[in-house]
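The chains carry the letters A, B, C and D, assigned in the order they are written, with residues numbered from 1 in each.
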Amino acid sequence: MNETILKMQGITKFIFDSEGIALKNTNVKILENINFDLRRGEVHVLVGENGAGKSTLMKILGGIIPPDEGEIIIDGAPAVFKSAKESKAAGIGFIHQELNLCQNIDIAHNMFLGNEIVKNGVLNMKEMYKRSRELLMSVGFDVNPKTIVRNLSTAQQQLIEIAKAISCNSSIFIMDEPTASLSQNEINILFKLIKEMKSKGISIIYISHRFEELLQIGDRITVLRDGKNSGNMNVSEFNYDELVNMMVGRTLGKMHVCTHVPQETEILRVENLKISKRTLPLSITVKKGEIVGLGGLVGSGRTELAQSIYGARQFPSGDIFYMGSKIRKPSPRSSVQKGIAYLSEDRKLDGLVMEMDICKNVTLTYLDRFFKKKIIFKSRETGIAQKQIDDLHIMCRSMYQLVNTLSGGNQQKVVLAKWISEMPVLLILDEPTRGIDINAKAEIYRLMDKLASQGVAILMISSEMPELIGMSDRIYVMCAGSISDEINKSEGFTQERILQGTLK
Amino acid sequence: MKRSGLKVLALVTVMMLLSVVSFGCTSNTAATTAAATTKSTAGGGKTIAFSLKTITNDDFQKAIADSIQSAVEASGNTFELVTAGDQTNVANQVKQLEDLIAKKVDAIILSPMDANAVIPVLKKAKEAKIPVILVDQTIEAGNEDLYVTYIGTDNFNAGKEAGTKVAEWLSNAGNVMIVRGANGSSAGDQRVDGFKAGIEGTGIKIIGEQAGDWKNDKAMQVTENMLQSNSDVQAIFTASEVMVDGILQALAGAGKTDVKIMAVDGSKKAVDLIEAGDLTGTMAQFPQIMGKTAVDTILGVLDGSIDASKVDKYIDSGTSAYSKDNLADAKKTAF
Amino acid sequence: MEFIIKKKSILLVGIAAIALLIAGSFIPYFYSANNLLNIIRQSSVVAICAVGVTMVIIVLGIDLSVGGIISFSAMVCGTLMKSGTNIFICILAGAAVGLAFGLFNGVMVAKLGVPPFITTLVVGQVAAGLALVLSNGGSIGGFPESYVFLGNGSFLGMPVSNYIMFVFVALGSLFMAKTKMGNRIYALGGNEMVVKQEGINTKKIKIIVYGISGLCAACGGILLSAQLDTVHPIQGEPYLLDTNAACVIGGVSLMGGEGKIYLAFVGAMVIGLVRNALNMLGMHPFYQNVIIGAIIIIVVAVSVWNKNKNIKESKTF
Amino acid sequence: MSVSTKTINRTSSVNQFFRRFVKNNGAIVIFVIIFGFALLFVKNFASAQNMLIIIKQSAVPVIACIGMTMVLMTGGIDLSFGYNIGFTSIVAGLLIKTMGAPVWLGILAALTAGAAIGLGNGILVDKVNVPAFITTLGTGYIVLGAAQIVSKGNTINKLPKNFLAVGQTPVGVFNTTILIAIAVAVIFYIILQRSTYGRALSAFGYNKRASFVSGVATSKIHISVYVISGFMAAMTGILLTIRVNCAQPDLGGGDYTFQIITAAIIGGASLFGGKGTIVGSVFGVLIIKVIENCINLAGVQYFLFQAVLGIVILFAIVFESIKNKKL
């Protein structure tokens, strides 16, 4: 039960210059001489900051890109993957970070995409529906395989991906941050599933940023830093500081700094707002210099609430009072002018213009305010951008680097930069640290604290308990589109209480 | 709930549209002539349809249409105009003829856009016993049984006369350019072929030949360009007057004043241009005659006073060359 | 989504039906079986081309070369026939030419990454140009009876063209619904990355799809020339926009991934029906353009509107 | 040692610069290539007068192409453009010649009409979100019909001198039309490069949702580009009318639309929005006009014209896309 089924030895990947030629002689490498092994029936957790090379390593294993050096050994035999298909054939199932299903076709068609069941030249739908229903059952998900994927929640889609991977009876699973967008009870379902898979002798490579998770399900931990192995550890002898040390090369100070003090003046008051016809009305307030956490499951209506306040979404009924006065017909444009900022959940989708450079992205939001005469003055613009880049320590070649070439953490910083390049009054953060590395996280927490102490009112949506508990002065918990609980710091935040709220 | 509401909306809009259509059909005859409405609402006798390529930016075609319309309405019958919409949309003309047959019009006057394409549908017309008269353009030889008669000016001859005229002007020596119609339009091709035949054997050389697509801007551009390749030109022949304005502009731009221009059609516009000395001459055709004769014949055939089989298959509505010399009569006959 | 498509088909059929009723009530002879069959026959060329174009639009493309291919492939077929070649060979040759042009489109789009709009537009112009070259700008006609029969003959009281069209529509629908390739075409329209990661050669799929579209266009063109008993060097021009319009009216989403071939057929019918109704009404040509434009916009506006509503509702909770 | 590295760096940086230039100015490169070929192989091409002719022919399409580029930058398309030209042409012609209205009034009316049609497109695309392709296709038909109804199919030639003067007054070797085109190009260059509107426009073109969330007035921008396009169509219509001295309902037309779209795309505009430059559009037009000019000069058979033109443009596009892939 303990024999190694996968071995990766001396995997090396060179960096490329702009012409796409590998630079072999530089000492900078994407991956350098990585050794990694996986035993049958274990969950091997792979951690490391963004850009440490986790995803690249997994892409190599998934056959999406080839290694420049080193070899992959499966069941003792060396394997070379020219394509994703080959690695799949070798029994490696890849569950990607961003979802990997065709939204426009139904579950069964998705599951058998690429290896459809064909009876004399024609798709055998009956069989495919039957099989896919069985598979869905095996992951404990009861749904009609004729459902179009678009109508499923993120978590459900993830389950389908897993079922799909199982269907091509993989013995090795790669899960790249599978819980990034899952809510607590969905995570529990997933973990239950993972445990079952282990017991079936399936081994899993699990990439995550969340320590509490790897403690729950991990067996061993391998840490990558700057494309090198920086240490291994058995979960049994887990040590937080040591792990962080391996990851960032130094022990961090306290993650969640909290020096700000909430003031009395009320910035935002929402009264009996219904985020959709079928939900109960809800009311919240946010005070000057206060960080208000908004907890709850994904899909509990947190984002909808934020967008309603910001004006990016219509709502059936309810009043929003901002600095005492009622907002009529809120719209992003009017909100921006009023000093309400909304850092959206998905930076690729609606946070940044990925094809434009850092400078242009940073100045986009307050363009009219910076350049009253409608004409853009280069010097002024670069000044603004440079200041933000320095303040937030955005790692980039120059301010003219396109944002889609930045790492996740830095992209997130750019999103923040574009919102605070003019000091907002009310800052709404939707999952501010989604999928970014521990260093960037700490920086963003520090920044939030700084802003709050400068009197900015912050409303923070978060799915991460430590974040919620560590940063908030007050926490609202949402459930099924309305507020189920309000907790003050004085009462003391506990995971239990928040969880209760989410499940009411 | 909402969705059903939308569906209703959809249907309502369509109903609305179609009622508009139906009003449109009565009102548009009103638009064309007041007389029409009274007559057509009076349901005056027979319905006679005229199908042609287009009357947009084509005075000649328009003139035929108008003369037919007035003749038909004068005789107390109902006129109906069908155009294919542009110079080359053959398939559309055929469809429209099929529709005319389906709605059982009493007679069809047709200016075919293509000598072959209309033959199948004319066979259908014959089956449906709808008499057809061709004007301006004829169809492939060997199908004379399909139509009562063809009234028109032989485009080839028109072109040929134009050729001889130009030869006269240039006293059989010099360079000419040709601005053709749109590629694939038989009328234009015949005129140009005729023109070439006309200057055959003289010392006149063709130093440029490009398609002007019946459009002033295109005609102007190609003329400009041709002048660049060789500005030593004494005359330009264009397949239709609709392109003369552009050509004149091109010549003016190149600062050439002494170039003789020959066109085909014979509209009032052209006569004015001749008078102004911009246009040297044009081969006039007589759409009024075409229209009148066509209608008289068809009405005769319908009321049996004329035996279709006795009518000879080709009636020439005649051509004549307008130029400064015969401006006076030109003014009378021009459309 | 399934559900929405269904709704839309109901909607379209509803529109078509009502249009029929009303138009008919105004128009003598409109209901004559002859005329109805005639409408279908007149729409057959658009419908056949729409089969291919639907697939192209589903993979997030658009095919504006249809017009050119209709002209050129028919011209090839016709010229050969005039030279006395066996009809079947001529037709095959014409079809092959169309296929070739389609595949070329595909290669340009898939391998070189040229935007479909411009590729197909220019390739279409080249094809149309070649048609003119082949015929020195003139038209050719007077084909053997058996050939003309395809376009104008009728069998058991229904025009042969209609049978041919129904075969194409049926084959197309089956292909999309019941084959591996069909499934992958939809998937490709939905999310190319995914299909790639399944180790499926997406470029190949695209090339095939454009090939099919070219083939359909060629067949449409050949049928057209059979109907006219003529090949006109620019006979295809009007079909370029009509075909794409038919697809979109039929609810094929320009965003890719959605659309059913039989609905594109309905779209073609709507256009044909309106045109016919307007002719039957003796509508003045000038006013016809206005009406047709308005109808195109309204039909699509309504279906789009309808669809957005659905999506919104499926999204919230 | 250090020297060698320096030289390496220099060469590579030159190389870099060249790459960047080709990448950002594909149209110019293509133009230079084609122009070079023309100079070498086409008789009578290399004359100052011919250059002037080409510029004259390009002036009006440049204006059109800029209008279209604006729409393309939002990921939309305007198929009604060509028909809009015919409509505005006849409007101006009727008012000024037939009704004898003052020139400025006729022009104003035409521009308003064009802009109004654009507004209609914009509202349908943005508010009702009908796909731009279909909206403008439909409005195209409508506008065509309207033009024919208004004109009853007639054309209006021999227009008043003072109207023609608007576009034909010679200025040095140029004429006012060319100056107008240049002015338009410069103005829009500044708008796109230096104005907040231009910035917001390209942001919108790249990512509609992000720019909406960032408080960009997306609807305004989206509608405005169609209005601009309509306005430019009207300008084109007027200047084209003046150029041929004849107002007619079928001026421009569908082919014209497609030609300027082609020009815009050769000029580097993307149909998926965002990309698109004025310089590119200008050269896109010049490329097409040079090719046409050469075909005429070389006296290519009239029925070969379309095929040859198409093939050459095909090469230009292939070059453009290979460049985009490789660089």
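The rule we apply is simple: a contact is a pair of C-beta atoms (placed from the backbone, for glycine too) under 8 Å apart; a residue touches a chain by one contact, two chains touch by 3 or more.
Note that this is a predicted model, so its numbers are computed, not measured.
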Considering only mean CA positions as chain centres, point out the chain farthest from chain B. A
More Cb-Cb contact pairs, comparing C-D against A-D, go to C-D
Distance from chain D to chain C - Cα centre to Cα centre, in angstrom: 30
Whole-Å distance, chain A centre to chain B centre, using C-alpha means? 69
Per the C-alpha means, the centres of chain A and chain D lie apart by a whole-Å value of 44
Distance from the mean Cα position of chain D to that of chain B, given in whole angstrom: 33
Among the residues of chain B, pick out those that touch two or more other chains and give their numbers. 31, 54, 183
Any chance you could list the residues of chain A touching two or more other chains? none
Of all the residues in chain D, which ones touch at least 2 other chains? 148-149, 153, 302-303, 305-306
Among all the chains shown, which pairs meet the touch rule set out at the top? A-C, A-D, B-C, B-D, C-D
Chain D touches which residues of chain C in the complex? 62, 108, 112-115, 117-119, 121-123, 125-126, 128-130, 132-133, 136-137, 241, 244-245, 248, 254, 285-294, 296-297, 300-301, 304-305, 308
Quick one: which bits of chain B touch chain D in the complex? Just the residue numbers, please. 31, 54-59, 62, 86, 180, 183, 208-211, 215-217, 219-222, 224-226, 228-230, 242, 245-246, 248-249, 253, 269, 272-273, 276
Complex contact set, residues of chain D against chain C: 77, 79, 124, 128-131, 133-135, 137-146, 148-149, 153, 254, 258, 261-262, 265, 270-272, 302-311, 313-314, 317-318, 320-322, 324-325
Okay, in this complex, where on chain B does chain C touch? 2-3, 6-7, 9-11, 13-15, 17-22, 24-25, 28-29, 31-32, 47, 49, 54, 80-83, 85, 88-92, 94-96, 98-100, 102-104, 114-117, 119-120, 123-124, 140, 182-184, 186, 189
Quick one: which bits of chain D touch chain B in the complex? Just the residue numbers, please. 43-45, 47, 49-50, 53, 56-57, 148-149, 151, 153-155, 157-158, 240, 243-246, 248-253, 292-293, 296-299, 302-303, 305-306
